[in-house]
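Which chain is which? They are A, B and C, in the order written, and residues in each are numbered from 1.
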Amino acid sequence: MIVFQKPKSLTDAQLHYCPGCTHGIIHRLVAQAIDDLGIEGKTVGVAPVGCAVMAYNYFACDMVEAAHGRAPAVATGLKRAMPENVIFTYQGDGDLASIGMAETVHAATRNENITVIFVNNAIYGMTGGQMAPTSLPGQVTQTSPYGRDVNTAGYPIKVCEMLSTLDGPEYIARVAVNNVKNVKNAQKVIKKAFENQIINKGFSLVEVVSSCPTNWGLTPDKALEWVEEKMIPYYPLGIYKDRSAKEGE
Amino acid sequence: MTTQLLIAGFGGQGVLFAGKFIAYNGLLEGRQLSWLPSYGPEMRGGTANCSVILSDEPVGSPIVSNPDVLIAMNLPSLDKYEDAVVPGGMIFVDSTLIERKVKRDDVKVFYVPSTRLANEIGLPTLANMIMVGKFIKESGAVSKDNVEAALKKVVSARHADLFDANFKAIDTGYNFAE
Amino acid sequence: MADKVLMKGNEAIAEAAIRAGCLHYFGYPITPQTEVAAYMAKRMPKIGGTFLQAESEISAINMVYGVSSAGKRVMTSSSSPGVSLKQEGISYLAGSDLPALIVNVQRGGPGLGGIQPSQSDYFQATKGGGHGDYHLIVLTPASVQEMADLTQLAFDLADKYRMPAMLLADGTMGQMMEPVELPEPGTVKQVEKPWAVTGTKMEREHNIVNSLYLVPEELEKTNIERYERYKIIEENEARWEEYMMDDAEYCVVAFGIAARVSKNAVVAARKEGIKVGMIRPITIWPFPKKPIAKAADQVKAFISVELSMGQMIEDIRLAADCKKPVDLCNRVGGMIPSPEQVLESIKKAAGGNK
């Protein structure tokens, strides 16, 4: 009896992510949701620029590689051209919350019927550990070598809090993948974000608080502790907006 | 035959609309033509002009810099374009808004108090079409036969009530005798 | 024959695009091309198409990228400063071998520049405005009829060669009205796009639309293959019009509004006994090298008439292989050369007052 296997929506390509990086878990959760909903044949994913740039090799559905930050605009085009297909983007914090902030906010406010997976690990990973829009106050990175100084570099952007002030989006949630309990919850929330699209509810964004042991300079287990102790207090987990649930009350 | 027409005035006086109407007359006569507006940030009140060329040959440059016919709806327009009119050409002047006379003696000039006439017939926004009526009568550039059909093209269905008003204004200009 | 209608150039582009089967438009307001967006906003909802006013030119071109990835005809339009913003997406379209139409109704620059007509985006359009080795097919209409005809041709060529095409017009062409005859709708030939990301339906391997190649040998290969395709296009798709060239001793080269003005000057010069003709490029990439090279063995001099500080003149010199002098007759910043100015340039090339 098979009790555990790789989701069919993942290819057999070997992931290039660093040891201890949680991108692998998040890929799996997204693929599992696609499997569970039986939508692989009509799903098109949009890969970002950043560590997940080669996600197009890992997801077995059709994939498009977007320019840095433009994934929500590309997904908008795909969805408008093919309303019956399921379109998702998979983006990091620099991509979504810095260079692509305009695309993110406007796709949300249009309630564009797409699913956005937003991986927040508080750093630019692929380029070697520079300060991200979500880097914590005082966080040391290559471009904030003395720690993020909020007087000159400003404060981290809390994407879920900000987007949930908009009337447009359907569903905004933040999850984490630093322990089994959080991973199981993340699976439910990600699946919900895809279901929303299938029943035409509209823009659903799931922020996944993630880790980057390599660029944080921590071992994988210490990095997960840092998520628990530093990241989650600054980025509280929860459902920030769920219009349909609210209307159902 | 080729007619190069320049209509100039304040934005809001309907110079582009007047040009468009004349262009449609040309279209209905099966002639070659071009219509080119000046365009700018001022939607109302600034200067506006439009070039209309009607010809039996394909139109080259759509820009009219030396008009055969000038319709001047305000003083700045007359000041600016009077000297550019070709010798033997025509100038139509809204003599309600332009008090001075045309200085040149090598052009035919028609003084039409179109703004006053428009007010008198209760159509104060249609001084432009009164000028057009006079232009049709005197220039011979377009025939009077297609006025009705051309008006139907430029007056949108949404504003069908304005058809009669425009027709009346053109008629007033056509029949105006100095 | 369909009835001729009177339309603005910008409106003719929009209607022609719809009739070419383009049901998706993304744009952002900018003078002097806004009529394209306004027309699309009115028509698209009634025919089940998409009109979307994007948050920026950058977003608009990336929405175009999305629709094109799905294998559908799509376009965006803007004017010079907005087209600069689109260059990122245009480079990605080229790098991913995606067809699309980009319309640039040019205005004066650089920077915010002005809103009057210009042709100073020639280099940007023909030499690759974004990063990397690539070309666009660039079509230059000189009448409202061509605004419509070349819009349709641009879609066909873009699909045929899997690359973005640009309609490079100017403020005059966009704003002027002329009689135009539009093709009957529904005469579109649909091209198979097996590469499109339409969902695998679990029947095939996944398609990937992508411009990233981290292995340099692979990236080199894609570039070389693309340039082999460009070579075929240069061989087959250059378009131009010749006017009074049979016995010409002098040759005006001009496109768009500059060609319209120059035509008056050529007629006037002929009346004065100067044997002058005109070559009007209809494509500027590929540039019509052959007729220029041929003319270089026939005429005594070329005159490049441009609404720029002299950009096309470089392509004329290259095509003429520097065999004959090429003079520049130009106005910039939103100004347009007058027929008299062009006539003076012709006379000067012909050696004083003939």
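By definition in this document, a residue touches a chain if its C-beta (ideal position, glycine included) is under 8 Å from a C-beta of that chain, and two chains touch if they have at least 3 such contacts.
Model, not experiment: these values are computed from the prediction.
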- Message: What's the farthest chain from subunit B if centres are computed as the mean of the Cα atoms?
- Response: A
- Task: State which chain is most central when centres are taken as means of Cα atoms.
- Result: C
- From the C-alpha centre of subunit B to that of subunit C, how far is it in Å? 34
- Query: Using CA atom averages as chain centres, what separation in Å is found between subunit A and subunit B?
  - Reply: 62
- Message: Based only on mean CA positions, could you tell me how far subunit A sits from subunit C in angstrom?
- Response: 39
- In the complex of these two chains, what residues of subunit C are touching subunit B? 4-6, 31-32, 115, 171-172, 175-179, 257, 260-261, 263-264, 267, 336, 338-339
- Message: Show me the residue ranges of subunit B that touch subunit C in the complex, using the header's touch definition.
- Response: 20, 23-24, 27, 32-37, 39-41, 59-63, 65, 153
- Message: Under the definition above, what is the set of subunit A residues touching subunit C in their complex?
- Response: 11, 40-44, 46, 53-54, 56-57, 59-67, 70, 73-82, 85, 102-103, 105-106
- Residues on subunit C engaged by subunit A in the complex (per definition of touch): 24, 26, 50, 52, 54-56, 58-60, 62-72, 74, 88-89, 92, 96, 197-203, 206-212
